[in-house]
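Here the structure comes first, spelled out in structure tokens, and everything after it is commentary.
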Amino acid sequence: MSSALLEVEGLTAGYGAAPVLHDVNLTVQPGEIVAVLGANGAGKTTLLRTLSGLVRSTGGKVVFDGVDLRGTRVEQMVRRGIGHVPEGRGVVTELTVDENLRLGGLWRKDRAEAKKALDEVYELFPPLAQRRTFAGHQLSGGERQMLALGRALVGRPRLLLLDEPSLGLAPKVTGQIMALLRDLRERTGLAVLLVEQNVRSALSIADEGVVLALGRVVVRNKAATLRDDADLRHAYLGF
Amino acid sequence: MNEFIYLTFDGLSRGAVYAAFALALVLIWRAARIVNFAQGAMAVAAVYVAYSVTNATGSYWLGFVAAIVTGLVLGVTVERVVMRFVDHSSPLNGVVVALGLVLVIQGVLGIFYGNEFLPVAAPFSRDAFELGGVAVLSRYDLFVFVAVGAVVAALTLLFTRTPVGLRMRAAAFAPDVSRLLGVSVGGMLTLGWALAAAVGSLAGMLVVPTELGLHPTAMDVVFISAFTAAVVGGLDSPIGAVVGGLIVGLLLSYVSGYVEPTVAPMAVLLLLVVVLLGKPGGLFSSSKARVA
Amino acid sequence: MTDIKQKQKSGAPVPDLAAPVSARRRRIPAILVIVAGAALVLALTYMLPPFRNYQLATVGAYLCVTAGLTVLTGLNGQLSLGHGALMATGAYTLALAQNKWLNLPFSFLLAIVVTTAVGAVIGLAAARLRGPYLAGLTLAVAIVVPSVTSTFDETFNSDQGLSVVLDPPPGTIPMERWQAWLCWAGALVTVLALVLLVRGRFGRDMRAVRDDETAAKLAGINVARTQVLAFVVSAACAGLAGALFAFLAQSVSPGAFPLTLSLFLVMAIVIGGLGSLFGALWGALLLVILPTLSQSLAEEAGSHRLEGNLALVVFGVVLVVVMLAAPGGLASIRFTRLFRRNR
């Protein structure tokens, strides 16, 4: 119970009067990759935005590392150890690659530490190192994804909220990103809550899968089970 | 020819002030997507405070510092107390609220100081040096150039070289993403208003001694010139604001010198119309326009 | 697409006038309201002392311009800070025409025509501008145009301005009553014309443009023409108002049309409730009552600095508070139920 990194209980949230998320429950253990799947409009993005505080929850509980996150401001999340790569990546197109990445570590008081994290990310993504002075709008889609992911990693999060990293990317690049996530998990114990449309590649690296439909969790199971159970796949994942 | 040289330097000196004032408008526009129509009134308020401080202490420089501090305080107050709560669904709302502030500030100033023009002395001589028989620049003009140059340099350094500047730019371009990365977007907004109002106060301090004197409406025409400068520069670009300020200053100076001083405001209006209709993105609008 | 539209509709501050039933139900009262208004004003002019009649006349003159501005800003979404300058145009035209030909009806007509022409020029530029750009341009007009009087001082006599020659009122009618009659005749005709205009196709087009320009364009509405027309109509109203002010004061000077006048007008329509012609009446009333109140307050306090300035502060504070509390203006909170259909 207390060993879970993230525990979501009965979470309800929405934008106006009608809630989008109803009574959502899920847990993420340290070093675990949990895939969140579901049709367009199921509420996946809303779930991530609620977890990081961009959308206000109307009920339920979110506990991260033993601390109730209710009332925590969005700006504090990164200090708690939660990194969020939003849908559409959120690269600040007016800033350069280097500025975008530095932005990810600005919250740190320890400048040397921030610099170290920055260098590590450049090592992890050599294409970014070659394009330090490029403006965000000069990057390709894949490079932007690297930049967004790299920027979150500069903050050295313990939990990464990733919203559709594969969007608009070639299958090969998607594969590389999935491999990278698995690798990071192995090396650093990073936990990931991964929202994906690309069900196959998400399930290929995830430990656990959660299927959202109309804002409710309809399936929670081992990723391997979801991969192998043809009925479940047909019913909820459409393949 | 001599007159041309004189008018050119005069225009650049005026232009420097408009540049600073336009810069203040651009700072807030970039941070909050609001054209601060109260900028002129806020600057006048700061100059009145300087007037009182200088009268009480006999020191221009204490007054000068007081004006800048008043600018900072006014900027923070206006953002925190008023602008933060404006409904931004229509861009008109911010404009109307700023106009309300203009009325309040001008009324309060009138109550405390009266509606007569108060004489304000320049800290340096306004008599132009002669260079080879041509009147060129006064000490005061030099002071203006140095002051505005220092502000432009300081702002450039702040925005391009410091973490705070990076935060401010990020917060303006992508507020949600910036918050996710731990940037206090509200704080950056307040800081932007404070800086802008301080720069506006500086411009007010520089311009008032060259005009009729201090009056609650003293900055009205200056505001129009600065707004034109900012629009010429594209409203989004600090460099554009500086260049736009110089262009407007030169225009005013040439028209005053060669045609008639009373026609000068019309010339500015004409420039504004031409730019708005011909090149609404500003003369320097580049392809690197805002994507997000 | 449908999704977006629905959101916008529910978020729009002013309800659609398309509802045919309510529109028809109100169609007859429009004239009735005007006639009742005329009767009320007529009765008032016999009951009120001269000074109050003068104030009543001022309300009427203000109503002309606030009603026009309401149509421009509330129904068409364009904010003009330059209507003080347009009033000045009307006022100076009336003064010059009166002093030359001494034919009041003709002078009024000329004032409206000239201001309409000026408004058309500004409107042509304005139609291509949005939000702060439009506000800035019209603000520049408001600040710069009065300086024309010094440039051509032989015609306009600089800061001193011109006095207006008037024939005495017909018969034995006291001057103030005559003024109130004329101002309110102008105001009621203006309001009636605007109501008819707003309820017709033009009004529908304007609201469509305000709510969603792209959609309006797709529906075949000529957006630019609608906006220019809205500006021209409101300019004509401002010209009439300016001419009435010149007629009331029997003089014109640039000092009578400062920037604050333009700002007061904006305040009046915002507080009156953007888009409601009844709001324009509240606004016009406020424009006369608030300064009078603060004037007497100032006199009581014995401070001549309070005079005029107190009104500025009160106006400003009210404007800011109303904008923060209810961007739709006071009418949107208090008078909505009663008068919404008049929009």
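In order of appearance the chains are A, B and C, and numbering begins at 1 in each one.
Criterion: a residue touches a chain if its C-beta (ideal position, glycine included) is under 8 Å from a C-beta of that chain, and two chains touch if they have at least 3 such contacts.
For each chain, UniProt lists the protein as follows: A = ABC transporter ATP-binding protein; B, C = Branched-chain amino acid ABC transporter permease.
This is a predicted model, so every value here is computed, not measured.
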Drawing the touching chains as a network, do you get a line, a ring, a star, a complete graph or other?
line
Of all other chains, the one whose Cα centre sits farthest from chain B
A
Top contact pair of chains, counted by C-beta pairs?
B-C
Need the central chain here, defined by C-alpha centroid distance to the all-chain C-alpha centroid.
B
Distance-wise, how many Å sit between the C-alpha centres of chain B and chain C, to the nearest whole number?
31
Euclidean distance of C-alpha centroids - chain A vs chain C, Å:
55
For chain A and chain B, what's the span in angstrom between their mean Cα positions?
44
Which residues of chain B touch chain A in the complex?
163, 166-167, 169-170, 173-174, 176-185, 288, 290-292
Going by the contact rule set out above, which residues of chain A touch chain B in the complex?
52, 54, 74-79, 84, 86, 90, 92-95, 99, 102-104, 106-107, 135, 137, 151, 155
Listed in rising order, chain B residues that touch chain C in their complex are 34-35, 37, 82, 85-87, 89-97, 99-108, 110-112, 114-115, 217, 220-221, 223-224, 227-228, 231, 260, 262-263, 265-266, 268-269, 272-273, 276-277, 280
Using the touch definition from the top, list the residues of chain C that touch chain B in their complex.
11, 73, 77, 79, 81, 125, 128-133, 135-137, 139-141, 143-144, 147-148, 150-151, 258-260, 263, 266-267, 270, 303, 305-306, 308-320, 323-324, 327
